[in-house]
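You will see chain A twice below: alongside chain B first, and alongside chain C after that.
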Partner chain A sequence: MAAPAAARALRAVPRIRPLPVPDATRHLHTTPACLKTRAARVRVGKGDKPVSYEKAHAPHYIAHRKGWLSLHTGNLAGEAGAAERAVEDAFLRRFLYGTFPGALADEAVLKRRGNLLVICAVLARGLAPAKLYFLVGYAETLLAHFYKCPVRLELQTVPAKVVYKYL
Partner chain B sequence: NLMGVRLAGSHVTTQEPKTNPLVSISDEPETLYKRLSVLVKGHDKAVLDSYEYFAVLAAKELGISVEKVHKPPKKIERLTLLKSVHIYKKHRVQYEMRTHYMCLELKYLTSSTAAVYLEYVQRNLPEGVAMEVKKTKIEKIPEHIQEPVWNTLPQVEETEVKS
Partner chain C sequence: QDPTAAHYMFQDDPFLMPRNAANSRLFSLSKESGRNAAKYIIKQFPQYFDKTFAEPNIPCLMPETLVPQIEGVSEEALKERIHLRRVKDSVDLFDQLVQAGTPVSLETTNSLLDLLCFYGDGESTPETEEEEKEDLEESGVNASEQKAPKRQFQRGSQTSGSRWRENNNAERIFKIMPERNAHSYCTMIRGMVKHGASAKAYDMYIDLLNERHKADVHTFNALITAVPYLKERFIERWELAKVFLNHMAQQEVQPNLLTFNALLKTLRRCGGVGRSMSLLVIKEMEALDIEPSLATYDHLLFIFYRSVDLYPSGIISEVLDDVEKRSFTPQDPDDDVLSVMFVSFKILTRLLQCCDLKDIKLAYRLNKAMEKGDNWKFLDMDRLNAYWSKFFSLLCMMEQIDVVLKWYKEMSPSLFYPTPKNILDLLQALDAANHLEVIPSVWEDMKQLGFNRRQELLEEVLSLMSRDQHPDEIQLAFAKCAEDIKAVYEQTGREQVPLEWTGSALSNVALLFSRAGRTQDAWNMMERFQQINRIPTDQVMNEFLNCAKQTNCPDEAIKLVKLAASLGLPSSQRLKSRTEKEFELSEKQK
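The block that comes next holds the complex of A and B.
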């Protein structure tokens, strides 16, 4: 007798729901986490893998033995736009990798001077000069229209990939 | 039009003064700057050192007096992240971003000199380097405070209140 009465009493108590706060939202983190011990490092092997100077050095050598591959003001203290530049850089590197298939000798250096974007790349010789000029023009016009800023592609050709050491 | 044509044995006296279309002359008084402070920041100290040499040389060539060149201390922004993808809370990895500064102070410039110098120096700013410019203007004291207020008020006779 007491139990149903207690249950009815419990049901009668109004449940206090949390008030909906318009600014409180829930987010889900979906980017993959990076294993920092193995980032940007070429693992030592049998000694038959040719590796360039850029790849041979681990990221803790940046500003000591290595320079920067992407030069912009986004990461300076008090400056904004680092994330946008990072996304643009990722797109540009993939675009270059696809436009010059197999010809890129090393990572491209991206420089931003004001509005101008300068892409400095080193290519191995394999394509005919006429085709190379067409690809340069195509890349410059397409990227300029896409990013709405002047884009300059500065290329250098090299007989073969420059090897720093074999790992 | 015979301008510029070298006529043998003749002296061309009617020569129009060559006016450069890019240079404009106006009668407005120029704004004067007491100090022009140019703060340059970058990640690479060597780049800033070479830019300092270039900026000081440019100022000397244009005849601008350099007050001082000083290097404020660098600012380091550090992040500590977990080293591994899954567990291992005790093992972390630290990253840092260093910002080096270099401040160039020039004194006593006119607005046109400042404009020319800043345009030249900014067009040759290296990539990855940011600049902040602060100008200190010299202005005339406004007319309403040139004379002290108590001199302009009408003479009020002092009346002693005896209680």
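The block that comes next holds the complex of A and C.
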């Protein structure tokens, strides 16, 4: 009598299907390693390496001791285009590095206001002012035609690279 | 407006801010050439710049498509090339079409003629296509943006680039045209006048009349402009212009503003006849209800105020009244607020010789008129600088010194960069108002403007500083200036030619040093007199002795006496006696 009762009980309870057991094989880790503890940090050396304020601070100081180098609304909730802005930024930095050879004293700050792109760069005084103005006119027009938006270059010149400390 | 900032086209940085007019021009031109370089790159590689991802699409940031799309020998292809302004290609295509026997419509031929006459049909030597295109584009740009330069009115139509050659493409095509209408003749006439073949234009006009066509108003304007090149004497020129005007009336062509401006431009070169006739022209304009433009006023003022010894007439006030009341839009290529202003200022400065005090008020009114409404569209950097410098000269001459200084502080370096003449005027004004203590700050400005090697300015500054005795702190400031100037004179080792000391400069510097009590420096100056073969004046030597007495240096006094004796000066005896009297000298020194 117990067996049919047990069978009835068993039939009443919903049968749980066993999960498939994964293949017990070993895989190779093929993605590159992300060295998060070494990103954007200048390692301490003998004390002869001049380092600017920007470089001297690690990324966890952003919003505490550092500001942002690129300001746009792409990362706000509900806004699109963050990836495009990142690609544009990369291109712009390389473009500036090449157009002002040896003159860039620090990283350029890119600000986007609506359609306008403002590039704020700090330059050393190596080139004559007339040559700098030539490069400014060239860069502004070329970038405006490339990105189809008005581009303004705002420069500040310093006598030499501003050193925050020596590492 | 920020009085310390430069024009907004410059970067706001002390290294990149222009300090004088030459720099400001250089920087603005280099920025513009950078833009041209970028445009060249965009034109060479349009494939990298033609993605349209902006919403809405911005056409001015896209590369221009100048490549004609339609290939093959057909009339549409010709029309397209004309539209794209490719002169050589269109002429070649036209020749091909004619040889193939395809009839080209009158309209297309006329538009081809328009193109050729506008661009003046460039070079005949076979150059590479790019060079030709660039040349054509340059001549096109020159032609469309041409403003007749106000001083070189002789150059007139010759400034539009190339000259009209014999039997060039336009004439050739004109001759082989099976039928011509009025438009063809008119285009040819306008092209010929534009590129300097005035006699031919006149012949073409006679042909037009023989064919019993009617010319349009633009042709008449061109013909009137060409009158000074057709006739030499003033009366003949006026007669010929009247002939054209009569024809215009006969053919019932309404004159417009450009007609009257062309007439006035011709009258500019008609001397005395011009003066009497120009008023009639203005009355005619008013009768026809055509509002005069700025070019009209420019021509008028030029006609009336050409030579110096003219009676002051009230024309300039009337012109100013009109200029103030209305706001102007550019209607004529010669329209230029600044040239009106310029001419007005030149007249004002001349009228100042009559010491007419009303004139400074006119200058202020002019200034206000310039800032009003749409007039800023006429302004241009170089002309602005010249305008402001004339304004400032006028101010220096007429106004009180504190007004002058107020304007000076406000205007430079933001609005204009003072020219050397302005600095001279300013110094004279300071002199007249006995405000000489401002001179050290003016000297600082001079250094910044790059005028510190100008001989006449240096002499002026030195003579003003050393003329009278001043209270002590001013004297010290003056002595410091003198030291700077001395350094300028002694600058060696640069590419510039070193400045030569003049006698007056040297004596002034010595005087200033003596008065400030700097005996050693003064003595250095005295030694230089021999180097330049000049003799110090008595005043200098007396001042030096005073200084030596004040600072109690009998050695210096003796050195001075020795110098005077060696130079053989008549005053050496007097100096010697004075030295003996005033100083307590030991036996050896005697």
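Basically, the second predicted complex is superposed on the first by the 133 of 167 C-alpha atoms of A that agree within 3 Å, B and C clash if a C-alpha of one lies under 4 Å from a C-alpha of the other, contacts with A are read in each partner's own complex, and residues count from 1 in each chain.
The rule is simple: a contact is a pair of C-beta atoms (placed from the backbone, for glycine too) under 8 Å apart; a residue touches a chain by one contact, two chains touch by 3 or more.
What you see is a predicted model, and the numbers here were worked out from it, not measured in a lab.
Q: So, on chain A, is it clash or fit between chain B and chain C?
A: fit
Q: Which partner does A:G47 contact after superposing on A: first (chain B), second (chain C), both, neither?
A: So A:G47 meets neither chain B nor chain C here.
Q: Applying the document's definition of touch, where does A:K131 land relative to chain B and chain C: first, second, both, or neither?
A: In the superposition, A:K131 touches chain C alone.
Q: Using the superposition on chain A described above, determine whether A:P22 touches chain B (first), chain C (second), both, or neither.
A: neither
Q: One more residue to check, A:K111. First (chain B), second (chain C), both or neither?
A: Touch status of A:K111: first partner only.
Q: When the two structures are overlaid on chain A, which partner does A:K36 contact: first (chain B), second (chain C), both, or neither?
A: first
Q: Go through the superposed model and pick first if A:L155 touches only chain B, second if only chain C, both, or neither.
A: A:L155 sits against chain C, while chain B stays out of touch.
Q: In the overlaid three-chain picture, which partner chain does A:G98 touch, first (chain B) or second (chain C), both, or neither?
A: neither
Q: For the combined overlay, can you note the least CA distance between chain B and chain C, rounded to whole Å?
A: 6
Q: Quick one: which bits of chain A touch chain B in the complex? Just the residue numbers, please.
A: 33-37, 63, 68, 71-73, 75-79, 111-114, 118
Q: For the complex, give me every residue of chain B touching chain A.
A: 41-44, 75, 77, 81, 83-85, 93, 97-99, 125-130
Q: Show which residues of chain C lie in contact with chain A when the two form their complex.
A: 10-16, 18, 23, 26-28, 30-35, 37-39, 41-42, 48-49, 52-54, 57-58, 61-63
Q: Contact residues on chain A for chain C in the complex?
A: 125, 129-142, 144-146, 148-149, 154-157
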